[in-house]
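My structure is below; once you've seen it, I'll send some questions.
First chain written, first letter: the chains are A, B, C and D, and each begins at residue 1.
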Amino acid sequence: MAFRSQLKIRFGDIDRAGIVYYPRFMHYFHVALEEFFAGELAIEYHAMVETQRIGLPTVHLQTDFSRPFSYGDNIEVEVSVLKVGRSSITFGYRVFKQGENESRIIGCNVTVCLNMDTFEKVGIPTWFRQLLEQQLKVGET
Amino acid sequence: MAFRSQLKIRFGDIDRAGIVYYPRFMHYFHVALEEFFAGELAIEYHAMVETQRIGLPTVHLQTDFSRPFSYGDNIEVEVSVLKVGRSSITFGYRVFKQGENESRIIGCNVTVCLNMDTFEKVGIPTWFRQLLEQQLKVGET
Amino acid sequence: MAFRSQLKIRFGDIDRAGIVYYPRFMHYFHVALEEFFAGELAIEYHAMVETQRIGLPTVHLQTDFSRPFSYGDNIEVEVSVLKVGRSSITFGYRVFKQGENESRIIGCNVTVCLNMDTFEKVGIPTWFRQLLEQQLKVGET
Amino acid sequence: MAFRSQLKIRFGDIDRAGIVYYPRFMHYFHVALEEFFAGELAIEYHAMVETQRIGLPTVHLQTDFSRPFSYGDNIEVEVSVLKVGRSSITFGYRVFKQGENESRIIGCNVTVCLNMDTFEKVGIPTWFRQLLEQQLKVGET
């Protein structure tokens, strides 16, 4: 089963209209991705930058919002690896209200591997590619 | 010429890798949209919710990032109206580093008109549609 | 024992210097306060505004930071009621790194009860005062 | 006359109660401080960390909020240097609604100079001390 991160809609996340200020969902995506790294890829997201000197800037982002969330909602952000290219990785996100079977938000972002010392695009290192490809199989089952 | 909002990359916007934490760009999009409402549509974004009781939740978001921004960069966020449907509006965004001719980020979001009292989708009110359609013409020139 | 909210330092919380961008701590305080309302006062923070029509704007804030936090740190934000006035409430906060006995941040904020319909200061309603005064006793033990 | 940074209250800054989510003011303080560095101290805030390898973490923060701000308010954040110690600097902030003579928020934060390579407290470098002391005189006039 795909990895899910548990989050909660906070007062500072909702706007004047009582629904989540949409840029906050991109922050949720990122938080869930960090949890995914620590929990599934067994490497802290931060260590990618600090230790491995690999940055993962987003080059493409796409999201569909079908139903809104409100203050206090407990949400689950599912993270999966959708595609592994030579230097690019596509992560998928689905956001559920806890207890519901149907997602309310579906999104993905494409990131590229960057050498943090030269700021140049590099191929995905083998050790990292292996971790990502294991996740591709998780998604298939 | 299309409307542009002037912004600046702040310390709190950049991440550990020294580039902008990407969810911040969605906040920039929103800030630029608010400026667009006040400057081009002649209605404060907030008044849409407060006075007109019309919410504009985002149902689709798409963004391509081709080159990163750094701390202190002065940026210009261009806002345009790409499409006006029965109840949906598509806004386009292009982000430039000041002084450059080529945009570094291109994005759009689709919003739907919501009656804030019933939370139901409604057709775009005539007065608002007229304002939006004038902007479509700006985009064509 | 005083109430504690469990949080984690995220990538988007740290700045270029690798430590938490300090305004984020005020957000953590607020998130912990919301948890405190739900968990200890048995009323959702949001319901204060929505249902009870009582706002709690902050009129005074004070914080001392003795040691910094880093990415990935698991933190505990302790919330307590320090003082209950006629219309004002003082909440106390202490932030610990998980597993440490000494807090790294100590703060408080004074809030006043506001009638959300008239935007005028009002005395703390009896039902709310009773909940708060129980918490004062928790702090004493 | 003291330095002032011009800002505007945005949709994402206000909360469900229609007033500014208070942690946002600390972000405004920081943005104004960055402008103060670039405009008055003639050094980009970022360059302090990047080039001079000096961090300025906040060790104390104090703020009084006397009147709230609403969406769309144009605000001015005044920044001044209140005190220069051996390794600590106290910055003062006053927030005005544009056109008003009386501030609505008064605050200060104490920062200490940190060597970013050793993460140890250091005395304020002479070149920086001179810039700061000039600002003390501005405050006196």
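Quick note on the criterion: contacts are C-beta pairs under 8 Å (C-beta built on N, C-alpha and C of every residue); 3 or more make two chains touch, one makes a residue touch a chain.
For clarity, every value in this text was computed on a predicted model and none was experimentally measured.
Asks: Decide which interface, B-D or B-C, involves more C-beta pairs in contact, and give its chain pair.
Replies: When the contacts at B-C and B-D are counted, B-D has more.
Asks: Going by the average position of its CA atoms, which chain sits the greatest distance from chain B?
Replies: Most remote chain from chain B, centroid-wise, comes out as C.
Asks: Roughly how many whole angstrom separate the Cα centroids of chain B and chain D?
Replies: Centre-to-centre distance between chain B and chain D: 29 Å.
Asks: Counting only Cα atoms for the centres, state how far chain B is from chain C in Å.
Replies: The answer is 34 Å.
Asks: On chain C, where are the residues touching two or more other chains?
Replies: 11-12, 16, 21, 23, 27, 30, 46, 71 - these are the residues of chain C that touch more than one other chain.
Asks: Can you check the complex and tell me which residues of chain C touch chain A?
Replies: 10-12, 27, 30-31, 34, 38, 44-46, 71-72
Asks: Which of the residues in chain D come into contact with chain A in the complex?
Replies: Per the touch definition, chain D meets chain A at residues 11-12, 14-16, 18, 21, 23, 71.
Asks: So in the complex, which bits of chain A are touching chain B?
Replies: Interface residues on the chain A side: 16-17, 19, 21-24, 26-27, 29-30, 46, 49-50, 55, 57-66, 68, 107, 109, 116.
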